[in-house]
Each structure stands twice: as C-alpha cells, then as structure tokens.
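Mind having a look at this structure? Questions to follow.
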Amino acid sequence: MLHQNIETFIGCESSYADANIVLYGAPFDSTTSYRPGARFGPAAMRHESYGLETYSPYQDKDLTDIKVFDSGDMELCFGSSESALKDIEARAETILQDGKFPLLLGGEHLVTLGAVRAAAHKYPAMHIIHFDAHADLRQDYLGAELSHACVLRRCHDILGDGRIHQFCIRSGDREEFMFAKTHTEMHKFDFSGLEALAAELCRTQVPVYLTIDLDCLDPSYFPGTGTPEAGGVTFMQLLNAILTVSKTNIIGADVNELAPMLDASGVSTAMACKVLRELLLALNV
Amino acid sequence: MLHQNIETFIGCESSYADANIVLYGAPFDSTTSYRPGARFGPAAMRHESYGLETYSPYQDKDLTDIKVFDSGDMELCFGSSESALKDIEARAETILQDGKFPLLLGGEHLVTLGAVRAAAHKYPAMHIIHFDAHADLRQDYLGAELSHACVLRRCHDILGDGRIHQFCIRSGDREEFMFAKTHTEMHKFDFSGLEALAAELCRTQVPVYLTIDLDCLDPSYFPGTGTPEAGGVTFMQLLNAILTVSKTNIIGADVNELAPMLDASGVSTAMACKVLRELLLALNV
Amino acid sequence: MLHQNIETFIGCESSYADANIVLYGAPFDSTTSYRPGARFGPAAMRHESYGLETYSPYQDKDLTDIKVFDSGDMELCFGSSESALKDIEARAETILQDGKFPLLLGGEHLVTLGAVRAAAHKYPAMHIIHFDAHADLRQDYLGAELSHACVLRRCHDILGDGRIHQFCIRSGDREEFMFAKTHTEMHKFDFSGLEALAAELCRTQVPVYLTIDLDCLDPSYFPGTGTPEAGGVTFMQLLNAILTVSKTNIIGADVNELAPMLDASGVSTAMACKVLRELLLALNV
Amino acid sequence: MLHQNIETFIGCESSYADANIVLYGAPFDSTTSYRPGARFGPAAMRHESYGLETYSPYQDKDLTDIKVFDSGDMELCFGSSESALKDIEARAETILQDGKFPLLLGGEHLVTLGAVRAAAHKYPAMHIIHFDAHADLRQDYLGAELSHACVLRRCHDILGDGRIHQFCIRSGDREEFMFAKTHTEMHKFDFSGLEALAAELCRTQVPVYLTIDLDCLDPSYFPGTGTPEAGGVTFMQLLNAILTVSKTNIIGADVNELAPMLDASGVSTAMACKVLRELLLALNV
Amino acid sequence: MLHQNIETFIGCESSYADANIVLYGAPFDSTTSYRPGARFGPAAMRHESYGLETYSPYQDKDLTDIKVFDSGDMELCFGSSESALKDIEARAETILQDGKFPLLLGGEHLVTLGAVRAAAHKYPAMHIIHFDAHADLRQDYLGAELSHACVLRRCHDILGDGRIHQFCIRSGDREEFMFAKTHTEMHKFDFSGLEALAAELCRTQVPVYLTIDLDCLDPSYFPGTGTPEAGGVTFMQLLNAILTVSKTNIIGADVNELAPMLDASGVSTAMACKVLRELLLALNV
Amino acid sequence: MLHQNIETFIGCESSYADANIVLYGAPFDSTTSYRPGARFGPAAMRHESYGLETYSPYQDKDLTDIKVFDSGDMELCFGSSESALKDIEARAETILQDGKFPLLLGGEHLVTLGAVRAAAHKYPAMHIIHFDAHADLRQDYLGAELSHACVLRRCHDILGDGRIHQFCIRSGDREEFMFAKTHTEMHKFDFSGLEALAAELCRTQVPVYLTIDLDCLDPSYFPGTGTPEAGGVTFMQLLNAILTVSKTNIIGADVNELAPMLDASGVSTAMACKVLRELLLALNV
C-alpha cells in the first residue's frame, strides 16, 4: 500500500501525542526592509535536511533518540503583520498548553514576537536570550512598529528592563545602542558574557526563551540572509553558545532569517539545518 | 566643479517644471504571496537602463526629444499595505494636479491601486486596460483584501462593471474567471480584441489608465518575475499592443512585477527597460 | 490538533483508495552523461506547484475535480541502474494492478524503462508516444546499455518495430536516425503527424504509453534540463499535443528531465508543473 | 601510453595540414562598454561542445565528415585594442595564406576588425554580411574609435559604401541609423532581403565575409550576451539565414559575443555551439 | 515639489563645498586579465549601501557626523588605459587642489595609478600602504605596462625604493617577490609589521596614500572579486589595520576590485560597503 | 605553424616520459547521493588554473621547476561503478608501473577506490591518510556497496585494521563512528594527531596514500561540494597538513569532491587549484 508524501525535518517523525518538541514554521517576511526571502527558510530547511545525518558527533546524540513532531508551515497572511502574529501566537499557545516545547522556524525575525507573546503569557518571569547581528531595538521602522527591525523592542514592551540578553550585536542605529545601555543587557560582537549569564540563569531556574537570528553568524558561514553583516561568529562559537544556553531552563526557541534563495550554493541552508539539529539534541525536554 | 550623483532612467533628465511625464517608483512587494523581489524592480530599471539606447528604431523617436522627469523611488512602509497605498495615491495626485502624466514603476501589482485611486478621482469616467498573466480578481487572498492577487477586483470596486479590459489572462481560480464573465471584459491568452477596443475608446475619447504587469510576457522573454506563467505573449506583440493603446486618451500608466534578482542574466530587466522606453515614446503627452 | 507536514503536488490530495491517477517520483539520474540534476525534478515540481493554480483556463477544468494521489519520491539506489529500474517497475506494477493510472515523474529518461516494462506486461499490444529532443536510440552509451541515451532502444527491444512514435527529435548520432528509419516512426523537429497518428490510435483503441522528455520544449521555454537543444517546440504546441494524445486509449505516462538547479529563475520548474497539471486534467481516467 | 590533454571543439580534430577550416579564438572584451565576459566565449564553446552531437539532422551532415582544425585561444593583450587586433589580423593572415578558411570565435565584436583587415587584404572586392542586434556604426564610443560599438564603421572605413549588408539590427543611436541609410545596406529587425542578396552575391561570386554577433538572436534564445536586446530572431531563422549565406562565395567568418557567465543555465553556450556546428557543416570548403 | 533621484553612498550627502572627503568612482576594468566585472563595483556599493547603517559600533561614530560628498562614477574610455588614467588623475587633482581628501572607488586596481600620480604631484615625499593578495609588481603583463598586475610597479617608478609598504601579499610570480626584496617593503600573508610601520610614519608625519585591494580579504569573506586567492585576512583584521593606518598622516585612499556580479549572494558588496564606512569614519579629516 | 589546443593544469606541461608526477582525472559522480556535479571537478580545475600563479610563496617553489604530466579526463561509464573503478585502477596501475606518482583528480570520493586498489597491489603494506568531513565507512548505502559513502570501508576491506588514518571527520551515522573506534584511527573535527602520525610514518618509511576530500575544508572556504558540512578546517590548516604528510613516504594521492557548478563565484574551484598546486610542490618525487 502506498503512502502519501510526508515531508518533515530529518528524524522528526514522532506523532504529536508522543512528541516533546514541536516544530512550526512561519513563512513570513512582509516587513523585511532590504532583501526578502526568509519566507522560504523553514521549507528549505525541511527539504534540504536530507543532506544531513541524524547523528551528531559533537554531542554523541541522535535525532532518532528524541521525539520531535514537525507540523510544517502555517498559512500566514502576507501584508498584515498583526494577523500573521496572531496566528503564530495561537500556534505557540496550543503547543505550550499541550506541555510541549515550541520551536519556531522563521521567516523574518518579527515572527518571534508571536511566540514570545504566548511564552510570556505562560511564563511571565521569562527572560530572552537573543543571538543576532542586529539590535532590533527601533521604536518603529518607516512608521511600522511591527517590523523585523523593532522585534526586540516589542519584546521589551512586554518584559521590561533587564530581561533581554543580547549577543553578537554589531549593527543598529545610535539610538538602539543607547537604548540598550539602560534597558537590555547587550554584548556586542560575540558571546562574551554568555557563560556567566547562563550560570546565573541556571542557578535561578528562571524560564528562558532563546531566539537565534542566524545572521549572528559571519556572512562567510551564512551568506543566505537578508542583511548580511560582516564581523560575526563562527559555527563552532554558535554551537558552543547553544550548548551553554541549553543548560538553563529553556522553555521555547526559534531559529530564523535563513533566506535560501540568496545563497545558491546551499551552504546557508545546510548550516541552518545543522544548527537546528544541534539545538534539538541539546534541549533536555 | 563636481556634481552630486544623479541616477534617472536613461534620457529622463528633464526638470519637474518642464516635464510632461513623471516617473515614480513604488518599491513595494509585501503582499507578494509566492516569490518576492519586485521591490527592486524600479531601481534595477533605472540602474540598467544605461545598457539601452535612447533611440527607438521601432518608432523612430528618441527619449531626448521628449520631457520626462524621474522622481526616483518612494520610501514606503513595508508591512502596511494601506499606508503604502496612501503614499502612492498622494504622489499620483500631485503629479496629476500639476497637469503631468503619472507613470508608476512597481513593485508588485498592488501598487496600481494607489495610482488608480488618484486617477479615478480626477477622471471618474476612466477605463482601465490591463495586460497580465493573472486575473487579479480575487475578493481576498488568505484574508487580505489588499493583495496583489486582488488588485483589479479593488479597481472594480471603484469603477464598476464594464470598465476594466483585461488581456493575456491565463491564470486564476475558477471564481475569478466566473467573475470576469459578468463584470470585466476579459480576453484570455493574448491581445485579441484590443484593436477593436482601442478604436472604440479612441472614438469616445474616454480617459484610459494602462496597467502593464510584465508577466503578460511569456516567461521565455521575461523570467524575472514572481509568478512566471507559461503561454504568454512576445515582446513584439506587447510592443504593438502598447502602440495600439497609445492612440487612446491615456491619462496614466504603470509597469510592474519585474523582480530582477530572479533573473541573473539581466534579460528581464533589459526587457522592462525597453518596454518602458517604448511606452514613454508612444505616449503623445 | 496539529497535523504532520504533507507535501503533494498541488490539488493531488486524494486518498490512494479513491484515486484514479497515482503520481510516483523517480529521483534518479546516475546515467546522465552530461549535466546531472534531474534527480531533483519531482521534488521541485511538488514543492513549487504552489505557485500554480489548480484551475486551467485552457481546459476549463480544475484539479480539485479529479482524484489524484501523490506517493512522493521512491528511495532509489544511486550507482545501480538495474536495481533502480526494478524498484520503478515494481511500483508501476502495483499501481496498474490496483487499476489506477501510473504517472511517473523523473528523473532522467532512463526511468521510463521501468514503467514501460510494467505497462508492457499488462498491455502487450501497447504503443509508445515519445516527445523528446533526443532520439535515445543508441545500442549502448560508453558501454552501458542502461543509459538515458538508450532508453527508447531498450523499449524497442520489448515492443519491436512500428510501435514507437517519436516527435520533436532534433539530436542524435547518425546511426540513431538510421535506426529510426526502419524501426520506429520518427517525426523530426515538431509534432507533424501527431494528429493523424492519434486519430488512427483512437480508432483502434490500442493502449498508449506517453513519455514526455521536457527537453522537447525549446530551451527558451525550458532551460532547466541536462542537455538543452535549440530548435524545440513552444508550450502551446506541447499543450495541444498533450490534448491530442489524451484522446487515445492512454494507459500510463511520464514527465521527465527537469533539472531544477540548472535554471535558477524557476521558470523551468513552473513550466514542468503546468505541463503536469494540463496532462492530469487531460487524462480521462 | 598516455596522451596529453587536448581540448578542441567537438569533432574538430583534423591536423592543420589536412584542415580546410581553421578555428581560432580571440578571448578579448576590453572595449565592452556594458557587461564584459565575452572573453570566455570561445573556451566555453570548446568546453561545452561535448554536450552536442557531431551529426546535424538539419543538414544530414556530420562534423566527422569534414576537416576542421582548432587552434585554440590566442593570448591577447588586455587593455590595448590595437595590439590585440594586430595579433588577430596576423593569425587570420596566416590561415588565409595557407589556403584555409579562417573561422574566428570572439570575444567581443571588435575582434572582427582584425579578421576583416586580413580578409580585405587578400580579397579587396569583399563584401560583409553582418547579423547583429546592434548597428555598431558609431564613429567613436566615449572617445575610442576601436570599440565594439564602432566595429562595422571601421569595416566601412576599409570597404566603403554598399558593401556591408546588415540584418536583424534593432539598436543604435539615431546617427547610426542615418549613416546606414547612405552607406550600408541595413535590414532592420530580421532577415528580410537576405534571400535576394544571397542570390545576387551568388551570381557575381564576390567574396563574402560573414560576421555573426549572436545577439541577433532574441534574448529568450540567447540571454548570455553583454547587451541583450529584445525583438530578435529565432534559432530556426538564424539557421536558415546561415544556410542561405553558405551558398555564396564565403571566404571567412566569425561568431562572437557569447558571454557564458551571464547565463548560468548553459543554454546560451549550447546555442553558440549548435550555431557553430551548423555553420561549419554549411560551409562548402 | 518632487526631487530628482539622487544616489550616493549612504550618509554621504554633504555639498561639495562643505565636504572634507570626496568619493569618486572609476568604473574601469579593461586590463583585468582573468575575470572582469570590477567596473560595476562603485555603483554596486552606492546602490547596496542602503542595507547598511550609518552608525559604527566599532568606532562609535556615525556617517551623519562627518562631511562626505559623493561625485558618482566618471565616464571612462574602455579600451584605452592611458586615457582612463588621465581622467582619474585630473579628478584627483581637482579634489586635492580644493583641499579635500580624495577617496577613489575602483574598478580594477590599475585605477590607483591615476590617483597616485595626482597625490605624488602634491605630496612628493608620499609613501604608499598597500593591502592586497597580489604583489602587482610585474614590469609588464602580456606586453602591457599599464595593467592591474603592474600597478604597484608603476607606482614604484614614481616613488622609488622603500616607500611602498605591502601587506597580505600571497600571490605573484617569483620575479615579483624577488623585486620586492630590494625595492618595496613586503609583508607576506597578513598585517605583521603594520603597527610598527604606522608608529614610525606617525612619528615622521610623512604623507601616506592607502590603497586597499579588497582581495586582501580571504575569499570566504569576499568571494566577489576577479582573482580570489585563498589564505587571506578576516574582516576584523582588515578593520584593525585600517584603524592603525588612520593614525598616520593619510592624504588619499582607494578601495577597489569588488566585482559584484561574481557574488550573487551580495555578501561581497555588503563587505565593501562596510569597509568603506569604517574607512570614512576612521579618517580624521 | 599553428598548434592544436592543449589544456593542462597550469605549469604541468612535461612530457609523459620526463614526468615524475602524472595527473589523471576521473569525472565520475554516479553514486553521489545528494547533490551531483563532482564529475565536472577535474576539468574545471584544469580550466580555471590559469587564474593561479605557478609560484608558491608558501613553499618558495614553482611548478615550472618540477615535472608533471596531465593526462586529462578519462572516459568513464556512467551508471556502472564497477566498470568505472576498473578503468581508474588500470590507469593508476600503468602510472605506477612506469615508476611515476599517480595523482588522481575526482570526481566523487568513490574514485579513490580504483587508485587504492592499484596502489595496494604494488605496496601491500600501504597506509591511507584520509582528510574528509565524512567518515565514508558505511557497509552499504541504499543497497550499494560501491558508493561514495562507503569508500573508506571498501579500502578497509583491502587494508584491514589500523592502517586508515582519518582526520577532520564530523559527519556520519552512529555506526560509522562505532566502526572507526576499533578499525580505523579517526581524528574528529581537525588535524589533531597528524604531526605525531607523520613522524611515526616517516620513521618507518611505510608507503602512504593520501586522499583529500576537499569538503574537509569548512564550507565558508569551499562551498562548491555536494555535501557541505559546517565546522571544517581552514585553508592554512589544510596547507600545513599537506606539508606535514609530504614528509612521509607518499606513493599516491587524490583530490576530489569539487562540484564547481555549486559555487558560481568560482572560489571553490580556485581553492581546489591552489590546494593541488601546493600538493604538487610539496611532493618530493
């Protein structure tokens, strides 16, 4: 008997009922101000994950050992950020209510806001750890407050001062860096300070949401993104950072800003897949 | 003395005061449902127009003989269609009020709605001639009524039955083709019927707005567009159609849906430039 | 409740039990002698079909009106043609035994041999209609008898003289054209003779297998293929040819040789999707 | 015993002594004003010719039946047009003196001037048949008289009025078209008039040099060229034109302006190879 | 009132009168021996600079704080190196005479010679600091003394021994490395020795011209260049080197050899923009 | 007198009789399971080597000082791995019998097996040093025992335990890593342990075959390969590793898995050429 064609991220073939982690894709990039295409990120990761192994020699773990469900891409309304965010929030809400770990695949970085709204609702004391080349702390961008360039500022609206921890930041306007000085904990250029932060967060067991804008990686490692910014971190640095954060009480996460069409070599998509595999394996859920 | 770097479409160096035709670019593609990138269309046309001559052997006319002003690209808000449309409408309004011919460069096809609103305000009896592969007659698309897939339907909301004339249409859902039967004049696949229509419109001197979605061209001629659709017209057919329409009382126009990054050979951008040159030369304003 | 991610060709969401037509993909290109990549054809068609409508204005039919099941891509052994062909034959056998129409998506053209073996087993009197730029009639290619360049010769081994009807052929070595003179019915360059053939085959109701190598299309329409060959047919000619053949007693078919990576514009994949949609709608099964 | 790696255009493996036709490549594009890359044309044709067959079903002839020697690419000085032209002229001179047919592969169109100088030296009564999208009749281009945009003007300096016959021309400035009216025989857009011309040239047996700028082809067929110009001819039209010219007393020829990097699909290079094969087979030398 | 479309490098909108620094583009690559395309470098940098911020978190400075005028690209004669160099020299002369800092954007590296001639005229005691993968010290290249491969040798003709300081060099023929031993100060592979040199140059306040061939960067950071050469420096190393040199009495500079079409991901152009921003901000003029 | 076009890797123009090293290309990739194209590797290296210098500043040696013969690409049967391997083995056998050093250019990694069979026949005590991202130790892959994913396992079948030394390995299934623990000497991630190994092998003067899968390099340095795997080594690390191995009694080598079409920037091909130059210069044969 023939089976209908199912496409999931490699090794993520658990049933929803059994799963501890649920992948959900948000193929949205309407507010991208420069080069769009992040909408194709989650599908490309799913599609190209078959060039990857399920086994990680870094962690000596295998995706076949854990239980992940891949719910595919949502159908989001292009042209209305609020409507898209509502749908993302609802999906995250469902997953959280079912006691599972929501792992969002963007899409542009604005999609994080939907997931953060849902997570902050369940975990009001939540902190955010943010890996990114860009501060994303603008009050608005060309008039829009719901923009990829404002997403951490919107998260700050929810969480308030001192609960957003930013790493690898190397781009923004002067005002964003000024804002960060008093409102977020910003570490410029790399992961300096992450070990100490993770130790403290471990100690307190405060809930942590991890948002990874893949452009924290140097463009030599990850050219396929809307706004590549020289001076980023290496894959090994990102991998170690993920392993460090995974020791905290992490309750939700996202990986975003892969724009696969911008890197015809496929290296960026392969990188995104490997980062996702390592993140999935690092989560102790 | 050195001069600041000015970049206009080739041969369009008139002052605003002197100009009969005004180019304005709308680098917007937030509602594009499939492959974005039309935002880069107008800048690419301006940039690559220097591979073109100002002289047309088809019309034996030269851009240096006419007076065109290029106002560059507007700064539009990504993520809010209504806000972007308002800005486009205002720009078209200004140009029309100054007694000049507004020629809009998209961007995705939704931008046409801004220009049509302004034109219909000045010319309530206006008709639209529409060249496109797609019917663009949906009531909404994934919930959005302001979508590139709905733009002619929104124009119909303004103009009503019998005043939209569609050519080259070869894609849409069944409902759109049903709608067209009673509400627009749709010519499938090619320009059949255009000569007769133009003759009638000439006779009555009714104001005509021409909107050209470049994907009316066959993808072999114009691959660089978000939703290429086989079975389109040739360059020579499009050129002849433009010359035919130019005999009517044409009061505004647009050329849209070039997504230059989708065609690395540059042929699509060169095509868009040539279509624009021929359109500019054909207008008797 | 969330659902697992299913990916089918657009509008092909019937259950296997209900379906009249079954799609099956053969992602194989090991014998491709020039530029490989056809292995990615069926997945690309499935993936990119969402840029297409389910409705055809050419036939005024909709994929939602018919019952098609998409069984996805088979896992084929690279490096062993015989093993891959056996798996394809078995899959076709199953579909035919279940009384359904097998529609194979290649892959390189050699995959046709698997399907033809199964079809000829059920329908020994079967004829083949073959659309292709290349004769594919070599006895062997660099020593291999199982090669894309020999596939119709292998079909001739099964069916014998006078039962293979070739159209659009414009490439091959001299011996292939000589062979064709006495063993197949070859129409060079275009579809001349197809109407007459189809009328005769209709009359006799002989079973017909249709194999479409998409490189029968001119490279201007379909650049994304391993061996593009100038001087081919247009989309409209191919569409009309499909409609003509669909009037015969057609019992199986395939569409092959899309190599999506060779055409970064995506036009070739969009073309393959549209050809498949029209073929599905034309089949009266 | 192992042999050194020899790379020739497919089927062109004659010794120099035996050969009737000699290929020579001029990988030069220093004066290209828009997009360079034609320097890579002849090597790409040689390299990719192995995707082609030696047999032509159009002419029922085979490259293995004729004697062609491929002398590879010359080492030309970038940055000095006069020096490059001298080397090309000397090479053509040698080939002509040895009683063989020189077939030059460009490079940008300026290289033709070197070959024409040599040919006009041997055949002072020579005419030129010129297939091109561009008139190439400027007196100078940004100060340079040795420019691809001036090459036919320079040929006119040598041959004078009435001996240059231009076809497919659809781009140039007004002055070039004016110049053509009194000094060359220009046929705009297509091959109209070629049959009559060839009949007359056949009658008189005047020596004919054929220069083919491949951008005479429509960009849909041949996107890989520096200045693609919509509105060109098809492959079948070009093939027929070559067959027509081949009946005259043709004494030299060139094929130029393939810029292979501009067309990543490889279709343009494949087209150039096929045009060259058909030209080689059509020559009765 | 509408404004004509002006395109400058981001944040470089000063008037000429007010400006301290003047950008001028030299879109020339006629002597490029391998892969051309550097002619498109300066326009691409201007065009894509809008993906960058004006603020630098590395230097905590903003382009809006300084006064830079962008004079756009010069119209240079392709095919005549001497003519192009004269025009570049004249432009540099004008800027220097007006007491402003000339910052040249290439183009191939040969354009540096025009700027160096003008600078050496005003500052006869001038030294050159040269960042490059290639020695560029050939006496001639295929007969041409004005070639990108000879540009520093030509500068040596003007300045003599001991005044050219080369860094990151990792390619050249044996003779170039021999020449360097006695005539220039060459530091192979990286920036070793730059700190000491800058300290000495600071002390003496000798005028310094800085020429940056962006291919000093490793190809992983900067693939979009004609002759990528493995083993180069990182962005952070180049940034630090620029900051080091900026402490000397720097009187002119250039940034060259971006060939944007060779890197479709856009990463190389983004890198060039960021290097230029940091250089502009580092200059204390 | 004109010469036939010869194309060799730069500086490898020795006669066969004189040569110490013989290059031979195996353009085969039929078993590639993910992205094919390595078949084009050796031709691309030959073709693009002219962008490289013959002189190495790293070793202060020049290709013109050594004697290398380039025998070009073999004609291998696509679709039959065993047949292709037999031809490769025969070629290697000939070169070894003639007392020359065989240097194989792949192609996919499976081609190594042909060379290893020949080398192990002559040198039964031989060890293999293996640089690769992938373990290549599967017993079979989708049923095929002759697959690029199994090639070192097949070598182990010949050589047995303890004679295969693997470096840079960072991908494989769990079983492969288990197998390595008892059967090969595997160094994960980088070249740790290579110095010690080379010292020991130097001491014993055991014959060493070096197989370099270029994907040992990080994808930032070498994106143009079928299965890019993040976390690899740098060019300088690979260069040092080659210099280290070159001190042993090395009797054969290969460089493989360049898939040039996957990296349109050309950087990967340039890297492969530079690695080959350094390897050729490092060999003391």
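Residue numbering begins at 1 within each chain, and the chains themselves are lettered A, B, C, D, E and F in the order written.
Methods note: a contact is a pair of C-beta atoms (placed from the backbone, for glycine too) under 8 Å apart; a residue touches a chain by one contact, two chains touch by 3 or more.
Computed from a predicted model, the values in this text were never measured in an experiment.
Listing every chain that touches subunit E and subunit F alike gives A, D. Farthest chain from subunit F, judged by C-alpha centroids: B. Look at the contact of subunit D with subunit F and you find the same residues on each copy: over half of the numbers used there are shared.
The interface formed by E-F recurs in A-F: of the pairs listed in A-F, A-C or B-E, only this one shares over half of its residue-numbered contact pairs with it. The greatest centre-to-centre distance from subunit C, using averaged C-alpha positions, is reached by E.
The centroid of the Cα atoms in subunit B and the matching centroid in subunit F are 55 Å apart.
The distance from the centre of subunit A to the centre of subunit E, with each centre set as the mean of the Cα atoms, comes to 38 Å. Residues of subunit F in contact with two or more other chains: 35, 218, 220, 264.
Under the touch rule stated earlier, the contacting chain pairs are A-B, A-C, A-E, A-F, B-C, B-D, B-E, C-D, C-F, D-E, D-F, E-F. By the touch criterion given at the top, residues 34-35, 169-174, 177, 188-189, 218-220, 223-224, 227-231, 262-264 of subunit B touch subunit C in their complex. Contact residues on subunit F toward subunit C in their complex (touch as defined above): 29-33, 35-37, 39, 75-81, 83, 110, 141-144, 146-147, 261. Those residues of subunit A whose C-beta lies close enough to touch subunit C in the complex are 1-8, 15-16, 22, 24, 43, 46-47, 69-73, 91, 94-95, 264. Across the complex, subunit E meets subunit A through its residues 50-55, 57-58, 62, 218, 220-221, 235-236, 239, 264-267, 270-271, 274.
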